[in-house]
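Which chain is which? They are A, B, C, D and E, in the order written, and residues in each are numbered from 1.
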Amino acid sequence: MLGVCTYTGGGVRHDIDPDAISDHVRKKGTLVWVDVVDPTEDDLATIQQEFSLHPLAMEDATKHGQRPKLDKYPTHAFVVAYSASLSEVDLFIGDGWLVSVRGRDPKGEPWSVDVARRRFERSGPEEATAGFLLYLILDALVDGYFDRTDAAEDRLEGIEDAIFGEEESERRMQQDLYELRRDLVTFRRRVQPLREVISSLLRQEVEWIDPLALLHLQDVYDHVLRAIDQLDSQRELLNNAVDAHLAIVSNRMNQVMKKMTSWGAILLGSTLVAGIYGMNFADMPELHWRFGYPYAIGLMVAITIALYIYFRRRDWL
Amino acid sequence: MLGVCTYTGGGVRHDIDPDAISDHVRKKGTLVWVDVVDPTEDDLATIQQEFSLHPLAMEDATKHGQRPKLDKYPTHAFVVAYSASLSEVDLFIGDGWLVSVRGRDPKGEPWSVDVARRRFERSGPEEATAGFLLYLILDALVDGYFDRTDAAEDRLEGIEDAIFGEEESERRMQQDLYELRRDLVTFRRRVQPLREVISSLLRQEVEWIDPLALLHLQDVYDHVLRAIDQLDSQRELLNNAVDAHLAIVSNRMNQVMKKMTSWGAILLGSTLVAGIYGMNFADMPELHWRFGYPYAIGLMVAITIALYIYFRRRDWL
Amino acid sequence: MLGVCTYTGGGVRHDIDPDAISDHVRKKGTLVWVDVVDPTEDDLATIQQEFSLHPLAMEDATKHGQRPKLDKYPTHAFVVAYSASLSEVDLFIGDGWLVSVRGRDPKGEPWSVDVARRRFERSGPEEATAGFLLYLILDALVDGYFDRTDAAEDRLEGIEDAIFGEEESERRMQQDLYELRRDLVTFRRRVQPLREVISSLLRQEVEWIDPLALLHLQDVYDHVLRAIDQLDSQRELLNNAVDAHLAIVSNRMNQVMKKMTSWGAILLGSTLVAGIYGMNFADMPELHWRFGYPYAIGLMVAITIALYIYFRRRDWL
Amino acid sequence: MLGVCTYTGGGVRHDIDPDAISDHVRKKGTLVWVDVVDPTEDDLATIQQEFSLHPLAMEDATKHGQRPKLDKYPTHAFVVAYSASLSEVDLFIGDGWLVSVRGRDPKGEPWSVDVARRRFERSGPEEATAGFLLYLILDALVDGYFDRTDAAEDRLEGIEDAIFGEEESERRMQQDLYELRRDLVTFRRRVQPLREVISSLLRQEVEWIDPLALLHLQDVYDHVLRAIDQLDSQRELLNNAVDAHLAIVSNRMNQVMKKMTSWGAILLGSTLVAGIYGMNFADMPELHWRFGYPYAIGLMVAITIALYIYFRRRDWL
Amino acid sequence: MLGVCTYTGGGVRHDIDPDAISDHVRKKGTLVWVDVVDPTEDDLATIQQEFSLHPLAMEDATKHGQRPKLDKYPTHAFVVAYSASLSEVDLFIGDGWLVSVRGRDPKGEPWSVDVARRRFERSGPEEATAGFLLYLILDALVDGYFDRTDAAEDRLEGIEDAIFGEEESERRMQQDLYELRRDLVTFRRRVQPLREVISSLLRQEVEWIDPLALLHLQDVYDHVLRAIDQLDSQRELLNNAVDAHLAIVSNRMNQVMKKMTSWGAILLGSTLVAGIYGMNFADMPELHWRFGYPYAIGLMVAITIALYIYFRRRDWL
């Protein structure tokens, strides 16, 4: 389960046996990288023993759901970050070694470390440092954020169209809106603290990160800021959309009520005419006109047309 | 009432008599722990005398309802924290001793210190320090917070279901929503200041906390941040839920009004027909048709069906 | 009008004549306390001359409505604070003396300094310091805040009951709600800046406050934070109450509209029946039935009952 | 156009010719004050040359609409502030001289510097310093703010009365509300940055301000804070008023709908009675009663009264 | 494609061949300026090689959509800013050289650098420094912001007129409102971080900017603050407009409902009269009156007029 490999510069990988870790660790110029998904109890015991990891950090790596954070221990540092799909990635970094423990996202998929690995091997740095590897892993994680914010952008546009477009399934739209907002809140909670994590790294609080990696981490920092910016904008736009929607719903109700009033008036007008000629007065001349009946019907039609035109003009119909 | 015990390393407890405290206090390598629920006047006098506690701190420990805080006095520090069920826990910590005064929550239950005690005895540290005991107590307190935030998460989901689900008891749901928000506000008020308390401890402002305990307190600090994060997210989600609910209520009103309008039009249509054939014109041919009456009834039915289909198509019915 | 007294330790008061102030001021071990409500021009001139107060501070003490603040002058400091009933209390503190100028609250009552005076005399400190007296005055002021926040708590509960309870005088409740919010805003404006004032005192920016008084002022600081916390919570709860109320009003309107629609349909149904049998067709068999009339009435009753049950089932009535 | 004068202590003014400025500037113990409204190109050229003002500051003084700010240049400082009626006042201050350029407010009136001038001459300071003059000008500006906030307070009360009082011109009130909010936003934008300006002056960032003036500027600073406090309170109160108003409008709609429903039911009840006795059944005994007709009318009246009482009791009418 | 020129003081430009850059770069007293829109791969390679730009900065300059930022590298700094029309402008600044890479705005237009270029040549500084050129470019960018905020001001006024004016196309107005808010959010995201960028420059974090340029950059900083101020005001005013609009829509609905109720009552009144005289009682004296029929019609007219006046008085019609 444990994937263990070493790099000695130039990006060439040597896969080694987990039991042989101690032969390679803390050898000058050698970077040892242990990567694991769903570590077993044995895996964890091995890792902890080989790199003398602190029990508190180990506990955090076992129990998922941590906040993105940077904990510093005497011989190593512990970084928690999240992928765009919210799978936790725990990183231990020490002098010449890095351990990555990858969790699974809500759909059960672990985050793939392949992109970072390929970039590390391709770039083939002269000195294989743990800091540069850390940079590439964080960079790959943060790059993924933009796919997610772009997708949110698309969903936001869909919602805008629904709000300003023709009346369609209200409840469906409302639920989309709510779920997008919920996603933003959840995602932001995982991104926001990462800013402080990388800022701490940049302040050189972790000694095992070399200057070159620091320079590159500045770039990751910019990207995290950008992602947070986008999330904040989207949140504000969603709030605006909610306001707009509320006003439009209110207004639509107005429209419906005007229609109702107009048709009610039209029908009641004709009913009144019918009522009048249904009265039983002894002397009602119209009742004996030759074209009395057509005249009454005509009166109803006239009232209907007149009111219709009237309400139409006032834009009530 | 006063539970007094000493530890001399290795986690072995010696229960001692409250009157014998002074024999053990300030003895090198001995930790004295006094724990009490609902202390009597006598208890408080004993504690104050044995550990020379500051009168202001004593007053705070007697009058409940303090804000979570850290007060530093020359010979000891005073920490106020709250359990998840909002029972106050007051802690005095000095050189080699710790006093815990536990209050009762709104339901009258005191917070149980057993978990912290068992962990302290089980872990059996070589040196029994007051700082490590403080860490375990705070850790147990803060761990309880997550049960509460998880429960809030469940209630939030229930409210979401009520909002987007079928129309049910509105007032009931509204009250649930309000109470969940109230709970969040109340709880947050007890959690938020704890962050500053632990941060002060981490800045080594209290000298009786040893480095090992400090390292562990960092973990408690992370957990407090996590709890605050969750409370903030939940607050935002609840606000979103309120917005969604308002829009849905408005929309439902729209639906009701359309229904009303439609049925009104249908009934008025038939009434108009009846009105017309109730007119008393001398010459109304239909009145003398053989199937005049069925024809009129048919007309009403036709109008009803036609309008019904019409409104159905426009999604008003 | 000027109440002048001296303390020389042990809390024993000597009332002295305002003209004799200069004999006692700046005498080692003697504390001079001048207290006045509604000072006359002469009073102010006397005070200013005896303690060489700065003209700007004097002006502030004359013109009420200042913000809570701490101004430092070479030979004295000037503190503005407010009581719970919003009467201004201006305090001048120098080396061995304190001047308190008390204003009147909106109802015309001055704040009573008796509690602080009694506590000062009862506690009978060995050294009578101006700092300790300042602490007791501020403590008495701030303690009063909690009566006000408790009263607000009660009013908030009344509003909650009105919102979730049976429909009652809406406008009345709305006005209560508005006034409670207004009170909170006004009160908060007087409490919030006090935090910075006491924080400045704690940072030892005023040299005439002794260490013992500083230790006690920490306690006042905690209380101010607690009062601000409570005000913030109440503000948030009131906002929640406003949201809940709006949703409930909307919902109630829904209920009314459903009722309206239901009764309209029921009445129109019967009217239609009456309209039908009012038609003048030559051949309407029912008209000649023996029990035609009871049958028609029965039909109306049947329609009424059927629709009533139908709407009742759908919870519209 | 340029008003130039010098002071040599004791507050006695010597008006001098603009061309003679250079004879007086930088003379020990002499303060040169140039004051101008709507400066011409020539005026500006003269000023710039005499005091070697920085081109960027000159440009800001020509183009109005700057943000309140403090710019420091090697030989002078540049302060932008606003009067309560939003006319810009630009101040250049150097070693022994002050230039004030006053703009016009939206109504075309320049701000009057007379109050500050009179106070300067009346107070007749021993040393005529530019710093003290700056203090008096800023003090006069800021004092004017309270007239404006008091006026806003009155308008707010008018709006409250309109909201909770009898139903009156809604649109008018709504527009008042909006305009008051707009005024607050616009005004706050001019006041808020002044706080930072005076705070910078207090931090002694400008060397040409003497200690006495600094002591007095502290007072102006307090007033600015007070004005900001008031603006913030008013903003919050206006928001509360908006909420209250929305709830009241919703509620009023409820009332209207209940009225509508009640009257509809009452009229339809009578109509139904008329409909029933308009039926043409052969055998309707009431039709042949002696008092049949009065009986029917009586029935209608009875229904009307009964329903009226019923709805009245339920508070629908 | 690459526009390359040099300045040696006095603002005189020498256009040179891109291949000859290396002959001029890092020559004392010579400023090399490379400006390019849509650089090709070759252009970028040339630039990177000539000025040894950092690969990370190059990557940012190629992939658009960066956040406004300042990245410092050992031999140069990298600035990202945006024009008012949201086209990205990337600036590299080093010792004696400046590279500007201009992107295109959403409409496909690049930002024009002509204004800055002309001002640079016209001002003809004695020493041609990269810092002063940077200042002019940033100044031109930021000056453009005010056109945009002014345009927003106009649109806001249009929206206000629509809200408080006569009822017009609601949906259109709502969409305008939403789009203006969206524009503000998007624009603010590009302006807000620029504040920190210029603030960093002012803190002299970039060594290739001379004191004169720094003094001028202070002015750009003021302008950025002003633009942010305006955006914030507009955001708040738009929020107020949304509130006002919601209240007005609610109120308009009230009006419609009152109209509806009034007309309903009027028509039902006449219908009731018609119904009464349509009853078939044997003995209805009015039916046999000579002017019975005109009397009935007169009664209807009277009811209509009376109710009309009644509702008019209560302002329901």
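Please note the rule applied: a residue touches a chain if its C-beta (ideal position, glycine included) is under 8 Å from a C-beta of that chain, and two chains touch if they have at least 3 such contacts.
Since the model is a prediction, treat every value here as computed from it, not as a measurement.
Peer 1: In terms of touching chains, how many steps apart are chain C and chain D, taking the shortest path?
Peer 2: 1
Peer 1: Given that chain B is a copy of chain E, what angle of rotation, in degrees and a multiple of 5, matches their CA positions?
Peer 2: Rounded to the nearest 5 degrees, it is 145.
Peer 1: How many angstrom lie between the centres of chain B and chain D, each centre taken as the mean Cα position?
Peer 2: Each chain reduced to its C-alpha mean, chain B and chain D end up 41 Å apart.
Peer 1: Find the geometric centre of each of chain B and chain C from their Cα atoms only, then give the gap between the two centres in Å, rounded to an integer.
Peer 2: 25
Peer 1: Please output the residue numbers of chain B that touch at least 2 other chains, ranges allowed.
Peer 2: Within chain B, the residues that touch at least two other chains are 246, 250, 253, 257, 260, 264, 268, 271, 275, 278-280, 284.
Peer 1: Going by the contact rule at the top, pick out the chain D residues touching chain E in the complex.
Peer 2: So the residues of chain D in touch with chain E come to 54, 56, 60, 65-67, 69, 71, 73, 170-171, 174-175, 177-178, 181-182, 185-186, 189, 193, 242, 245-246, 249-250, 252-253, 256-257, 259-260, 263-264, 267-268, 270-271, 274-275, 277-280, 284, 286-290, 292-293, 296-297, 300.
Peer 1: Applying the document's contact rule, which stretches of chain C touch chain B when the two form their complex?
Peer 2: My answer: residues 160, 164, 215-216, 218-219, 222, 225-226, 229, 233, 236-237, 240-241, 243-244, 246-248, 250-251, 253-254, 257-258, 260-261, 264-265, 268-269, 271-272, 275-276, 278-284.
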